[in-house]
């Protein structure tokens, strides 16, 4: 118990705040903070006690006594690897933007540091109110990062993004308060472990669950609620987009496992099919659009959507293997999408600044290292057997197969489509006819500094996915257990 | 029979006496000739008066007594709201320090009117008798009507005063009519007597009582700018001198909701079945109307006016539920509202005095690069008003929603968050203008920050935004952030206030 | 006897009110208002509210009416053209319809109640209720605070009126220096530009820089002023 999670949580924001007054040195200060946080989270993995049940490194303090809100942080198998993913991607993003020279660096890195703290907070929080606080807070740094440093049309796009996603979050605020207020028992509490024992009535569970689901599905984004995604992705600066796409959507998936399933098991079982269908629709819609669009950012955006569909599918299989696959896939996707966006930026730089696939082609000619790295990322993205993504998707489909066989068969087409759009992206940019303004050159050392570690982690994870499987198994199984039981015995769930 | 003289508890009455006495002193000192006395001593005296009243409130904290044959009730609710009013008043004094309005209206008169209005608010929140209630309402309103018109050379200021006078009088008349009905139905002007009458008899469905309740809701609704009685708000807020707008926005709201709490959650508690659903509907309408109205505004003062309408809706939700939690949430939200609103208005004043664009949103374009600190304060204020975490506004909204759900008004909680979503669209527009747009090309004039005058000389030196305005902005901005992260002190206060109305549980 | 008295006073009140809004000559309007107020006072007496009746006669029919007459005399009634509100035909139609609707509603409400209350004796009351003595006693005991607040309210209302009246004479550029100070007031003749009644009525041009302030008042006059 020597590792204090508060240090991990506040380190990036503190570094960012320091950077605000550090002038030109802001990026180094923030980078130091991000790297320290990364080191901290790696130390967590090493120190994590796999055999222990429940939360570890718990920090529990009363924040607002009158409302029963605690400042409670903890790590278990569910969030351990997401924490590492977050710190890793943020470190890469800070490094990337540090090498890129942004305007007003003080403010930029302040917001980036705050964003990291907010995401870590949402992952670490073991109190419902604290989770809501960080979940809502996550958006504000991205609002500023996109609005001030984004591409053309950024202000309308970012307003749309923030309002769209906060709609869900605010509904969740009401739902969270209702969870605590309506729960039976003495006094009000927002601590998750307490709330798990105070099961709500089925009627309240259902509307509260729907509010939470709306918040998470918007954030992911899932099929009918993705309206903010194209504009937002187009306007965001690339380093920011890499963490946004890599991490924020995972927090939503994590929210299902951490909050929605354990607290509202009956409702989750009740709406299982609805959510499976939404997940399916998201997979198909995302895959098809990723196949048809030509903007490289949006290809990755829609591909992320499809991947998030898979993750949701795995969660709502309501079976241990599905949920495990979902967690692994969440980490995998984050690891893949961040370097993919970085490569996109490199490609755009080589295609005369255009991010359109039609303007690219033949970039591989004089860039063997770039091509090789891109190939690794692409193969990971299409879940090549041997990659960790394969393990994740396999577990997810296995879970769904055991729960709803028809859905798993349809979902399988998503896997096929993934190879199609990923290979299309790779081939049309790297090979094919040379684009009009394409100047092929290999990556520089500083590019490699960002890209190579990320790809190395993908490889490492592909070789040894058991690390995550093993450490997470017990917790993940426990978190979906109530919902799985409720789903298995619907007649009992119907009579509370 | 010789009438028995009422017992006057001077200690309990001392804050009110301080405010009224301070008003008289300020008025008289303002007649002295030296410029220094009028422009420095008089505002300082006004500040000292607010500080004295607040300090006397600290001294009397914890008392729960009736004053002067039950005219006033001195309890934590009254004192807490008085602190909010005094803080607003002090901020208004500082914001007026170099403003045009007090120069044109004469300093003594200006600050005396301000102090009297604050005294009226104190009476309103402490009143536990229909007659006192009405006297307080008038004492608060009439000075405000005049204060709105004190930028005498600006036509909109005069128009604002006139409009407020006329509509405010309609509100007052409706209110007093409603009070007469309440008296007629229950046979008592004391809140305690009304409560007894409602408790012991089947008055609850009496048409006389219902009429009285309806009319007094309308009357107070005018003061608190609850839709559909809010139409005056944008025009008056826009026209009035900005320090007065800030004062009106916060203090009047605190006073009106103090009266709401005492009248509805105190005297009329037993008739909650009658007024509860009606007030809940009004709250929902107010939230929607206020937020929708603010969407298209370009004048920040108008925007703040519509936003204050919406906030009145949130506050009303705390009254509707008629629980101790609701009372606490309302008081908490009022305190939070004080911080974020004054911070926002202070920045508006800074910009108003620096640019010829006045309070137009264009005056804020690119502020993040030219003046990061005011922009940061404004950002915090806007985010807080929108209810973003890590600001006090979030905690306030959290508390109100919790009270609503706890009081079986979960749908009102949903309406509140839907309102917050709508509100994001306009609050974030201001934030976006500051950080994401370029500063306007036109050279920023330092000559005059005042809109066109209705007459008189144009060459009078425009007041700059002095250190005091920046200080107000900084203090209230930091408070907004501080209480968003460490809200416990405010919660303690709210919980103590919760023990004021003993009939609630 | 009481019924007869009621109907006479009631008809008087309504006739007076109608007269106020229909008569063209402001003086006649004021006189009609006086008759209306006196009839109201009679109705108050019927309700055994002696104090209110007396206050009505002394304050409204007396003092306030004298002020009205003064104002009318100042402004010089008589040849005023009839005020034509700037509204279109459609608005007038709507206003008329609304009035008719309100009238119908009131008629339904009044007649629907069957005018039962006319025959009754009204609410019971304690002897001495509403008498001047009792009201006076209440004002000095139970309602002492509102009474005192009302006096303060009058004071501050007067201050406010002075503040607003001052602008009629225009606020001089360096008006601060010329404003009335208590000492100066005691020393000699009242300085100009202090917002006195005479200035307000336009007898004395306000302020030393009479030209500029004259232009101010004319601007305001054109715009309607107060």
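Chains here go by letter, A, B and C, matching the order in which they are written, and residues are numbered from 1 within each.
Keep this in mind: a contact is a pair of C-beta atoms (placed from the backbone, for glycine too) under 8 Å apart; a residue touches a chain by one contact, two chains touch by 3 or more.
For clarity, every value in this text was computed on a predicted model and none was experimentally measured.
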Problem set entry | For chain A and chain B, chains touching each | none
Exercise. Busiest chain-chain interface by contact pairs, anyone?
Worked result: B-C
Exercise. If every chain is reduced to the average of its C-alpha atoms, which one ends up farthest from chain B?
Worked result: A
For this session: Work out per-chain C-alpha centres and flag the one nearest the whole-protein C-alpha centre.
Result: B
For this session: Starting from the mean Cα coordinates of chain A and chain B, work out the distance between those two points in Å.
Result: 43
Exercise. Between chain B and chain C, what is the gap in Å from one C-alpha centre to the other?
Worked result: 30
Seminar exercise, completed: So, in whole Å, the Cα centroid of chain A is separated from that of chain C by 70
For this session: Please list all residues of chain C that touch 2 or more other chains.
Result: none
For this session: Going by the contact rule at the top, pick out the chain B residues touching chain C in the complex.
Result: 3-6, 20, 23, 27-28, 31-33, 35, 38, 67-72, 103-106, 109-110, 112-113, 116, 119-120, 123, 129, 131-132, 134-136, 138-139, 142-143, 145-146, 149-150, 152-153, 155, 158, 161-162, 454-457, 459-460
Seminar exercise, completed: chain A partner, complex, touching residues on chain B are 368-369, 383, 387-390, 394-395, 397-399, 401-402, 405-406, 410, 413-414, 416-418, 420-421, 424-425, 428-429, 431-432, 435-437, 487-488, 491-492, 494-495
Exercise. Okay, in this complex, where on chain C does chain B touch?
Worked result: 137, 140-146, 149-150, 152-153, 156-157, 159-160, 162-164, 166-167, 170-171, 173, 176-177, 179-184, 212, 215-216, 219-220, 223, 226
For this session: Please give the residue numbers of chain A that touch chain B in the complex, ascending.
Result: 64-67, 104, 107, 129, 132-134, 136-137, 140, 143-144, 147-148, 154-155, 158-159, 162-163, 166-167, 170-171, 173-174, 177-178, 180-182, 188
